[in-house]
Structure formats: structure tokens, C-alpha cells
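Below are two complexes that have chain A in common, paired first with chain B and then with chain C.
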Partner chain A sequence: MATTTATLSISSPNLMPGSPLSISASATLTKAGVTDGLTQLESGVISMVTGTEYKLGPLATEMAGDAHDIASYIYICNTTTEDATYYIDWGIHETMIGRLYAGDWMFIPWNASDDSAEIEVEPQGGTNTIEYAFFNSDFILTTAAS
Partner chain B sequence: MPKLIPTLTLYSSDNTSDQLSFSISDQLTVIAPSVNLSNIIVDTTGANNIIVPANDNKQTWVYVKHTGTTNGSTATAQHCDVELTGNTAVGTLKPGEFFWFPFCGNGASVGVQLQSVGGAIQVEYGYWSDSTAQ
Partner chain C sequence: MATINASVTINSDISSYPTAISKTMTMTKSANRSVGLEETTGLRTKRFTTTTAAVIVEEDELTDDTAHKVYIRNASTSRSNFFYVAYNASAAAAATAETIGKLYGGDWMLMPFDGRIGITVASSTATEVQFLEYMVFADGIVAAKG
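Here is the complex of A and B:
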């Protein structure tokens, strides 16, 4: 099984006078409920036109999983260099959660519990380009149309 | 104004034949309200564990980490759900895992809450308001 590690550091020299902030967290990405590493990786770059909602990544029924939920991790970065009128709305299904402005990125363990928990992104302001990576439980091949 | 610099590193030597290894940073300008690194003992009722109050469309960066313990010393394998208030699921943390994501209610009066799947879990968290488009 593959071993993938994600490490986050958060620092600030001036958030509190005389007390620089320095946070570090590291995790090995594993399948839900077990210690096996995730074997599925998809990454890429996409340009998206404004005002359209896009689904990112697979649906829950397209992946195998067990225990509490299907394990998936998502990294998304908005690589646009435009001003603050350009951003990506991201959310779960129809619930908008936050915005990625130019250069912003996020990393989350995604709760892919069912097909109504898909990751959605919607560019605003104009064409935005994102880079992304998914680390997933095993994909389930679907039957081809005859 | 204070700056916050988050950095993510993803690494794997065996996920693909081409080694995965990259880092990315951001630089955020922080304004009030913000909560620096804090601890909370999370129980199984999300409404008891609201870590980011409803902020009505303010861009906020949220950090959450499952410490893998119930109280800082006793290990637990229970998962911790990260939700919007009202119980909309965002993701699930296994012991040792973390979140880093931008949150804004988009006009809806919702915040962020935590909910243990079973028993107590000690969770580390912080949030910082971003000056962009406030």
C-alpha cells in the first residue's frame, strides 16, 4: 500500500506581540477505519468558466469503503492571479462553505458518505484555474453502456 | 496587519512511479475576530461544540486537528465529524488528521461545529478572519 503524508504548518511572526505563532500537524492518509494507505490518486489542472457549478472528484458510490465513511482527501488551489473579484466558491452538494481567492488553497479529509456529499466548485468573476489532487479509497468500475 | 502563512506539504515515494513531493504556501492578512490555537473536548452533540460562530459572509480560515486522545493523554480511535451548524457534514477526522479550509456562511447564519462519533475527543483548533473581500 502506498504511504502518503500530508504536513501542515501555520506560522505568523506578528499575530501576537512577542509570541510568534507556529503550528505543525502531520498525518498519514489511510483508508477509513484501517491503517492501509490509500492507493488512488488523481491530480490535475482545470480552467473553469464563471457562474457554473462543477462536481470535483468521484461520487461515494464510485468508491469502495467501510467503517464510518469512505476515506477521501482533497487538495484544491486557486491558481488565478486576478484581483479579489475572482474566486472559487467551494461546497458540499448545494451548501456553499467557503471561497478560494487567488493563491488560496485548502486540504480536507472529505466526508464522502453518500452521493449527495459531492464536492462542488463554482468560479466567480471570470475564468478561474485550479489545481487539485484527490486521494481516495478504491474506485469501483461501473458497467459500460451496451 | 498581522500575516498568517499556512504551508502544505504532500509527499509519497510509492503512490506513483514519479515521486509525489510538493509544498505550497499562502500569505493571509488577518483581522478580527480570530482565535489562536485552542483545545476543546468534543462530545457527541454538535451544538455543544461550536468552534466558529455564525459570521454572515466573513471569510475565515479554519484549522482543526484530532489529537488522537480523549483528554491529552488517553488514546481514542473515535472519529470526529466537522460540520456546519445545523449538522451539515463537511468531513471526518480520524486520529491525527487535520483540516485547513476557508469558511464563510455566504449570507447564511451558520458556523462550524464538531461532533464525536462516540465518546470524548480532544481537538485542537483555531480560526482567523481574512481581510480579503470583507
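Here is the complex of A and C:
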């Protein structure tokens, strides 16, 4: 059984005066509701031109399971090194949730409840490059055309 | 100016070519990427005993469309229970398009957030107590209205 661990460290000596911040968290990522490890991985690096919305990763119907309410986790890093005008709007379906600026990373669980819950990214300011990784247990391949 | 560093490490042996992601970002302002974030709503821990959805981040507390970061961790240990996390002012039901994902016991997330709509959570269980830890690293807090 595969083991996937995600560890976080957040620190700041001076955000809260007199109280240095130190947050540490570590999670072993498992299938939904059980302790079995995740078994599938999709990762890549993509350069995207500005002003276009892109779907990142699979749709719910491209994953196995009845309700598609499975445990999926996504890491995305904007590896662009440009100025503050470069960022990626990210969201679920048509709802944008935040801006991933150059050099920033994010790590979230993804519900993938249906095909209207896909991860969307939209570069702004110019061409942005991201690296990403999906950790899951239920990707299925699309049937090849005959 | 505060300095806030966030590091992620993800290790996995899902594939025969092991995954080892390691990335650090310094949280900076959207208007000037060389200036660190200076505000926070504080580190909070909340005890949940029902499945009623609750707002943990108020949208009118933050400046819109900047470089906020939101940290959330399910501080409980059971992998059978979880919190829905949603970008939504009113509910965190499984079927809403804005549901981001499920945080199982021990899971954490760190995501960029635009401050336009609140963040809600809902515990999956009313029979077991769950604890949630969360913190907003803010790029602009709107002063409380009198």
C-alpha cells in the first residue's frame, strides 16, 4: 500500500508581536473514510496563456465511484517569477476563489462531487507556468476512439 | 513589515518513481510582492458538536481581490469523520457548486482566498466532537463597522 504524506510549516517571528508564530501539521492522505492509502497520482507542468479558463485535472465522471465523493488532494504552485500583475485565478467550476501569485503554492482537498465541481484556473497578466499534482485513488482512463 | 514563510513537503511512493515535493513561499501583498503580509485574524480553534454549517471567515472582514491565505486543519484524528469546507456565505452542503473539499481527521489545507465570499464549514458528524483550527493571513482587513 502506498503512503502519501503532506507536511506543512508556517512560521513568522514578527506577525504577532511578542508571540512568534509556528504552525506544524502533517497528514497521511488516505481514501475517503478509511485508512487505506491513496493509489493514483497525476502531475505535470503547464504554461498557460492569459485570459483563458482551463480545467485542471479530471471531471467527476472521469473518476470511479458512485457519488464521486472521494478523497482527492491537489497541490498547485505558480512557478512564474514575474511581478504582481501575474497570477492565476483558481476556483471550482465558474466560482473563482483566490489568486495564486507568482511563487505561491496551495494545497487543498477537492470534493469532485459532480462534473460541475471541476478545478478551474485562469492565468492573468501574461503566460503563467504552474506545476501541479493530484493525489487520488479513482482516476479512470477515457476509452480510446476506435 | 512581517515575514511569514509557509513550506510544504509532500512525499509519496504511489509511483515507482517517488514523488518528493518541497516548496516554500513568503506571503506577500498583492500590490507589492516584496512587502510581506502584516495582518491576521488570529489563530482560532473551534469545537463542533453538530452538523450545522458555520461561517469561519466573514467576507466583509477582508479586502476583496488581494492575496489572502487561509489555513484550515481538522484537528481531530478520525479518518471516518470530516469537515466540508465551502466558499459560500450560507451553507456547506455536499452538493453546492462552491464546496471545495472534505478535510478528514488530521488533514490540512492552505489556499489563496479573494475575500469576496465567506468560508463556511460543516462537520460530518453530530455524534462525535470535532475540532477545527484555522487562521487567515490577510492582505487587508476592513475595520469593524460601528
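Convention: the second predicted complex is superposed on the first by the 140 of 146 C-alpha atoms of A that agree within 3 Å, B and C clash if a C-alpha of one lies under 4 Å from a C-alpha of the other, contacts with A are read in each partner's own complex, and residues count from 1 in each chain.
What we mean here is this: a contact is a pair of C-beta atoms (placed from the backbone, for glycine too) under 8 Å apart; a residue touches a chain by one contact, two chains touch by 3 or more.
As the structure is a computational prediction, the values presented were derived from the model and not from experiment.
Visitor: Judging by the criteria at the top, classify the pair chain B and chain C on chain A as clash or fit.
Guide: Chain B/chain C on chain A - steric clash.
Visitor: In the overlay, answer first, second, both or neither for which of chain B and chain C A:100 touches.
Guide: both
Visitor: Looking at A:12, would you say it contacts chain B, chain C, both, or neither? Reply first, second, both or neither.
Guide: Both: A:12 reaches chain B and chain C.
Visitor: Figure out whether A:117 sits in contact with chain B (first) or chain C (second), or with both, or with neither.
Guide: both
Visitor: Mind working out whether A:81 is in touch with chain B, chain C, both or neither, as first, second, both or neither?
Guide: After superposing on A, A:81 lies clear of both chain B and chain C.
Visitor: First (chain B), second (chain C), both or neither: which does A:23 touch?
Guide: After superposition on chain A, A:23 lies in contact with both partners, chain B and chain C.
Visitor: State which residues of chain A lie in both footprints, the one left by chain B and the one left by chain C.
Guide: 2-16, 21, 23, 25-28, 30, 32, 39, 41, 69, 71, 75, 77, 84, 87, 90, 92, 95-101, 103-111, 113, 117, 133
Visitor: Any idea which chain A residues touch chain C in the complex?
Guide: For this pair, the touching residues of chain A are 2-16, 21, 23, 25-30, 32-35, 37-41, 43, 69, 71-73, 75, 77, 83-84, 87, 90-111, 113-114, 116-117, 133, 135.
Visitor: Could you list, by residue number, the parts of chain A that touch chain B in their complex?
Guide: So the residues of chain A in touch with chain B come to 2-16, 21, 23, 25-28, 30, 32, 39, 41, 68-69, 71, 75, 77, 84, 87, 89-90, 92, 95-101, 103-111, 113, 117, 133.
Visitor: Please name which positions on chain C make contact with chain A in the complex.
Guide: 2-15, 19, 21, 23, 25-26, 28-33, 37-38, 40, 42-43, 65-68, 71, 73, 79-80, 84-85, 87, 94-95, 97-104, 106-114, 135, 137
Visitor: Provide the residue numbers of chain B that touch chain A in the complex, in ascending order.
Guide: Going through chain B, the ones touching chain A are 2-16, 20, 24, 26-27, 30, 34, 36-37, 59-60, 63, 65, 79, 81-82, 84, 88-94, 96-104, 106, 117, 124, 126, 128, 132-133.
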